[in-house]
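Order of writing sets the labels: A, B, C and D. Residues in every chain begin at 1.
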Amino acid sequence: MTSTDRNDRPRLAVWKFASCDGCQLTLLDCEDELLPLASTLDIAYFLEASSAVGPGPYDLSLVEGSITTPQDAEHIRHVRRVSRRLVTIGACATAGGIQALRDFADVREFASVVYARPEYIATLERSTPISAHVPVDFELRGCPIDKRQLIEVITAFLAGRRPVVPGHSVCVECKIRGNICVLVAHGTPCLGPVTQAGCGALCPAFNRGCYGCFGPTETPNTPALNTKLRRLGVSDPDLVRVYRTFNATEEPFRQASEEAEGDA
Amino acid sequence: MTHKSVRLGRLSRVEGEAALLVRAHDGRITDLQLNIYEPPRFFEALLRGRSYDEPPDITARICGICPVAYQMSACQAVEAACGVEVTGPLRDLRLLLYYGEWIESHTLHVFLLHAPDFLGYDSGMALAADHRGLMERALELKKAGNELVATLGGRAIHPVNVRLGGFYRVPRPQELAPVAERLRRAREHALTAAAWVSGFDFPDVEFDYRFMALRHTDEYAILSGCPTVSDGTVFPVQEWPAHVVEEQVAHSTAVHARLDGAGGYLVGALARYAINSDRLSPLARTVAREAGLGPVCRNPFRSIVVRAVEIVHACDEALRLIDGYTEPDAPAVPVEPVASIGHGASEAPRGTLYHRYRLDEDGLIAEADIVPPTSQNQARIEADLREFIEPRLDLPHAELAAWCERSIRNHDPCISCSTHFLDLRVEAR
Amino acid sequence: MHPMTPAPFLVRSRRPVRADTVNLTLEPVEGACPPFLPGQFTMIYARGVGEIPISISGRTRAGGYLQTIRAVGAVSRALCRTRRGDLVGVRGPYGTAWDVPAASGMDVVVAAGGLGLAALRPVVQELVRHRARYGRISLIVGTRAPMTLLYPRELDRWARAGVDVQVTVDHPDHEWKGPIGLVTKLIERIVFEPRRTAGFVCGPEVMMRAAAGELVRRGVAASRITLSLERNMKCGVGRCGHCQLGPLLLCLDGPVVSYERAARLMAVPEL
Amino acid sequence: MDVVVLESLDPLIEELRSAGYTVVGPTVQDRAVRMAEISSAADLPAGVGDVQDPGSYRLTSGADGMLFGYAASPDSAKRFTQPPRQTLVRMRDGAFEEVDEGAPRVALLGVRACDLAAIAVQDRVFAGSRHPDPAYRRRREALFLIAVNCAVPGGTCFCVSMGTGPKATAGFDLAVTELDAPHRFLVETGSERGGEIVARVPHRRAASEDVHAADEVSRMAAVRMGRQVDTDGIQHWLPAAHDSPRWTDVASRCLSCTNCTMVCPTCFCSTVEDVTDLTGQVTERSERWDSCFTLDFSEVSGTHARGSGLARYRQWLTHKFATWYDQFGTSGCVGCGRCITWCPTGIDVTEELACIR
C-alpha cells in the first residue's frame, strides 16, 4: 500500500472519559478483525493502543466514558469539533454508567467515603452521557458493548449503511439463540423484556436473568414487568437496585426504580 | 542547561488516563508527579447499601481489562464474610477463568502495549505492519485467553456467569474441548513469544525492590494465597488493614499505599515471580531459565519476559485443569449473608487486588474498601522514574520523554482501576 | 430461483431531477426487463446498504426501467449516489397495478402528492397514449416548492396532449404564479362528471385521504378511486409480513388498492 | 401395512439414523423439554410431565416410564422449517450468489398435532405463495415427521377449539400413540417413506385392542383441554372490534417483548439484514426472525405505523385469529398454547378474545 492511499483511508479516533476502558478494549479484542481494520482505517488517535497521535479532523470518533468533571465537559466539545461522525460506545457514554449512581446520592458525601481529603476532588454532581453535552451521531449501548455490534457500526459507517443495531428486547435474541426462558421456566427475575438486545442474550444462556446492561428497549413497559417480578417475590428495595446499575439514569429505568422506591 | 522539565500530556498504551510531570534542576530531579486524571468514580461509596451478592458484577466495572480479578477478589471477600469457602471443582473453574484473563491481559500488554517500545514502534498495529505473522500469532494467543473467559463467563469483558459461591451455569466437558484445542496452539505461541521477548535489548538496570505478592501452598498464587513480602513478612489476608495503609499525601497527586509503615513496595509480575517462581509449572520454569531469568528479576524492563513466562504458565495450567475437569454437581454453593467483615485478595495481572466488605444484618453492604494494584505501585513507579531518569537528564528531550513513558509502562499500570486515585492537579488541556 | 435473490442490473443513466431526487434508468445485465404494469414496484438493492421498494415510473427506449428515487435514508441515498455503470440488484416487478383501461369512456382525475407522481407517471402515459378513449383528463400535482416539481417538461407535453395539468405548491417562490396550498382545493375546482369518473391517487397518506375524500364528496364512487399505499417492505413477496394493513399484505394485495377498501382501513388509527 | 405396534422406539431411531437422518426429539435440558439430537430412546424424558400456565412452565414427574407425558415443548418445528437466521445472498466481484444453506435430513420425533397444523400453515406461506421458496421446499422434504398423539394436554392447550388436534390426522410420515400396560407404541403410517422405514423395524400388526386403546388416549386428551376459544365468526368480529377498550387493558400488561411471536409455530415474519466485511469486498444479506411487536417492523416515512403497544398487540392478535384467513385462507393459530405459557406476564389469548368479543 502506498503512502497516498494510506492517507485516503477514513481516520478513526478513540476517546476516553470516565470509564473502565472495557469498551475501547473491545476494539483490541476483535482479534480477527484488528489487522484488517488497521489497514482499512487510519487509526489516528487511540491512546490505549498507540503513541502515535495523528492530527484531526477525524472521520469517525468512538467515545467511551461519561462526563464527570468540568474539564471533561470542555474536552468533549473539542472532540465534537474535530469529529465528522461521533459514535458513543458503552453505558458510560450513552447513559452515564455505573458512576451515575451518584445522581441518586450526594456526591460530596460519596467523595468523603472514598477520599480522606475530598475537597481536592474536582467532580461534577452528576455523571452524564455524552449526548447531554454534544450532538451524537449514533449510540452503541452495552456494559460493555458487544464486539460484533462494534464491528457492525464500523462496517456500516464504511458502507454508508444504517447499522443493524435494533432497539427491540433481549427476548428476541434469547429466542433466536434457543435459550429457555428463565423467567417463565425457572421463575428467575429477568430484565430481558425491557432491555435492548445486542449482547446475544448472554445471561439467560447461562441460566441467569438479564440485569439490564444494554439499557432500556425502544418501548419498555417496566410497570408490567414489575408486576411480574413482584409476583416472583422480588422486594421493592431489590427492584430499586435492579434498575439502578449501569443504565440507572436512562429515563425508563429511573422511573421504574423511583416507582419501586416510592412503594418501598 | 540547568532547568529541565518533561511533561507528558496523556500517557499512551496504558489503561486509563494519566500524565507525568518531571522538573529537574542542576541534574537533580526536584519534582516528579505522576498525575492520574482518571476521573474518580466512587465505587466504594456506591457499593454501600447494595446487596451482598452484587459486588462481583459492580466491581467488575472498575476495570475492563481485569474484570475477572475484581470478581474473584470480590467473591472471596464476601464469601469470607459469610463463612463460605469455595473449593474443589468450582474453585478449579474459577482458576481456569482467571487463567483466561491472564492470558488475554498479559498478551495485550506484551504485544500491543509493551513490545513496540523495544522495537521502536508506536503501536502493536504498526508493529504488525512489519511483522504480520508474529502479530497474527499473538492475536491468536490473546483470543485463546478471551475465548476461555467467554466460554466460562459468557463474554470476555465483564463476564456474566460469576456469582457468589461459584457460577450460574457450569460448562459441560464437551464445551471445553474446543477451548483446549485452541489453548494447545496458544501454548506453542506463548513459548515462541517468551523466546522472542527474552532477546530484546534491555537497559542494564536493577532496582532494589521490596516485593509483595500472594503465596499459595501449592500453586503459583493467582486466585488466593497469603500476602508475602520479600523481606520475609507473611500475613493472612484478614490482616491486610493492619499492614497496608493508604495515605493521602498532601503534596502528592495520589493515594500512596504503605506496607508496614514504608511506601515504595512493588506488586505485579516481578513481585510474583520473585516470591513464587518455585511454584511455576515445570514447563514455565524451563522457559524462565531459557529466557535467562534467575530466581529473582529486578530489572523492570525485563518484566515483559516475566509476563511471557506467566502466559506459558497460564496456558499450561489451564490445559491441566481442563484435562482433569469433571462437571460439578451444582453450579454454586449457597452463600447466605452474615453480618460480618470479609477480606479477599487475588493476583490481578497487574498485582495484588484486595477487597474488604462489611455486611449488615439485612445482607447489605455497610462498608467497602478496595485496594487495586496500581495504587500500591504508584510510589514505586515514581521511584523508578527518579532513579532511572536522573542519570539520563542530558538526553534529548524526546528521548528522555520516551524513557519516562517506558519506565511507567514497565509496570503495566492500570489507571482505570483508580478507585482511589486522586485528581489534585488536573492539567490544562 | 429464490424469491429473495436479486438480478444484477446496471445503472444505464442517472439524472438528478431536483436537489434530493434522481432518475435512474436500470437495465438487466443479462436478458430483457420483465414487463410491468403501471403501479407496480421493484425491490432495488444497493450493495452492502440495503434494499427498498421503488415504483416503476416508466420504460426506457432500450427497454429498461425508469425509476425516480428520493434520498431520505441510507438506502435511497446510496441509490441516488450510484453512477452510470454501477451494479444494483433488482427484484420484481411486484404488486397490484392501476387498472387504467377500466377507466375507458370516463373522465379521469389523477392526483399526485410529492413523489407520488413517480408512481402515477405510467398511468398518465397510458392515458395520453390512448387519449381518445377517455373523457376529460385532469392531473393535479401537489409539490413542496416549484423547485421540487418532478418531470416538469413532461407535464408540459401532457398538457399539450390534452391533459388538464394543474400544479399547486406549499412554498411558492417569488416567480410562482400558480395555485398555492392543498391538492384538495384544486379538486374542488376541476370539471368532471362524478358518476362517470375514475380517480388515481398517490402521495403521502394524509394527502391521499384528503384527495380521495374530496372526490367522494363530489360524488365519485369510492370503488372507482384507487390509491397506492406505502408500508414498510422487506421482501415484496409476502414472506416478511412487514407491509400488513389489516387484511392486506400490501406487497401482494397492494400497493394499489381501491379506496372503497382502503378508506375503512385508513380510518383505523395505527392499523 | 398401515397400523402396527412397536415394543420399543430404539429400532426405529436406529433405522432412521442409518437412513441418514439426524434424529431430533424431546430431551430434558435446563429444566424444560427441549428438542435436541438423540441417539436412543434412553435420551427421551421418561416419567417427565409438565405444568403449563399463563407465564409459567414447570417440569413435574409424569406417568411412570411414559416418554411423552407432557404437552407442547417450548420448541416447535419452526426452527427446522424456518431457521432463525439464514444467509440469502452473497455478493462479491459484482455477482450475486444465492446461498444454499442446505436442507439437513432431520427426523423430528414427538411433533404434536398442533405442530403438524402449524407446518401446514407455513407451507401455505412459503411454498404455496405466488413466490414459492425453493429452499423452504427442500427443507420440508428433508424433514421426516414423526408425530406423537397427545395424551396429557397442557394447561394452556386449546387445539380442539382450533380444529387441529389432539390427534394427528395428516401431514406426518409416522404417527405414534404411546400406550401403557404393557408399554408399547401404536404407529400409523402417513407416507410412503414412513412405511418403508417401519417395514424395516421389528413390529407386529396392531390388534383391535391396541387401536381402541389409542383412540381412548386421544378421546381423553380432547376432553382435558386446558382452554378453549369460540372461533365462530371470528374473522369478522375481531377486526371490527378494533376500538374495544380491552386493547388498552391488555396493552398495559404487554411488554412488547416478542416472546409470543417467537414461540408461535406459525409466526413467520422476518427482516433482512445486510452485512459487509471490513474491506467492503464481500457483502451478505440474511433473513432473521422478526416480530410485529418491534418498533422497526412498521417503520414507514420516518414514523412508525404502529407506534403504540396497543396497536402492536392488536395487530398480532387480529392477524393471528382473523386477517390470516384473508391472506392465507386459514387461521394463523393452531391452539398450541405456547404464546400463553411463554408470555412473561401471562397474557392469555383465549381470555383476551373472550373479553373482546
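One rule holds in what follows: contacts are C-beta pairs under 8 Å (C-beta built on N, C-alpha and C of every residue); 3 or more make two chains touch, one makes a residue touch a chain.
Bear in mind the structure is a predicted one, so any value in this text is a computation, not a measurement.
Engineer: Need the most distant chain from chain D, centre defined as the mean of C-alpha atoms.
Structural biologist: Most distant chain from chain D: B.
Engineer: Measure off the straight-line distance from the CA centroid of chain B to the CA centroid of chain D, and report it in whole Å.
Structural biologist: About 51 Å separates the centre of chain B from that of chain D.
Engineer: Taking the mean of the C-alpha atoms as each chain's centre, how many Å separate chain A from chain B?
Structural biologist: Measuring from centre to centre gives 24 Å for this pair.
Engineer: Report, in whole Å, the distance between the mean C-alpha point of chain C and the mean C-alpha point of chain D.
Structural biologist: 40
Engineer: Take the average of all CA coordinates in chain B, do the same for chain C, and state the distance between these two points in whole angstrom.
Structural biologist: Here chain B and chain C have centroids separated by 65 Å.
Engineer: Please output the residue numbers of chain C that touch at least 2 other chains, ranges allowed.
Structural biologist: Only 48-50 qualify.
Engineer: Note the residues in chain D that touch 2 or more other chains, in rising order.
Structural biologist: Within chain D, the residues that touch at least two other chains are 274, 276, 280, 283, 296.
Engineer: Which chain A residues reach two or more other chains?
Structural biologist: Counting only residues that touch two or more other chains, chain A contributes 159, 161, 207.
Engineer: Strictly by the criterion at the top, what is the full list of touching chain pairs?
Structural biologist: Those chain pairs satisfying the definition are A-B, A-C, A-D, C-D.
Engineer: Where on chain A does chain D make contact in their complex?
Structural biologist: These residues of chain A touch chain D: 33, 36-37, 40, 151-152, 154-156, 158-159, 161, 164, 166-169, 171-172, 175-176, 178, 180-181, 183-187, 190, 192-194, 207, 217-221, 223-225, 227-228.
Engineer: Residues of chain B touching chain A in their complex?
Structural biologist: 10-17, 37-46, 48, 50-51, 54, 57-58, 61-65, 67, 104, 108, 112-113, 116, 122-126, 128-129, 132, 135-136, 139-140, 142-143, 146, 154-158, 160-161, 163, 167-169, 247-248, 250, 255, 331, 405, 416, 419-420, 422-424, 426, 429
Engineer: So in the complex, which bits of chain C are touching chain D?
Structural biologist: It comes out as residues 1-8, 45, 47-51, 72, 87, 89, 204, 230-232, 234-235, 237-242, 244, 246-249, 252-253, 268-271.
Engineer: Taking the complex as given, what residues does chain A use to touch chain C?
Structural biologist: My answer: residues 159-162.
Engineer: For the complex, give me every residue of chain A touching chain B.
Structural biologist: That would be residues 16-26, 28-29, 31-32, 34-35, 38, 43, 46-53, 68-69, 71-72, 74-75, 97-99, 101-102, 105, 107, 109-111, 113-117, 120-123, 143-144, 146-147, 199, 202-203, 205-208, 211, 213, 238, 241, 245-246 of chain A.
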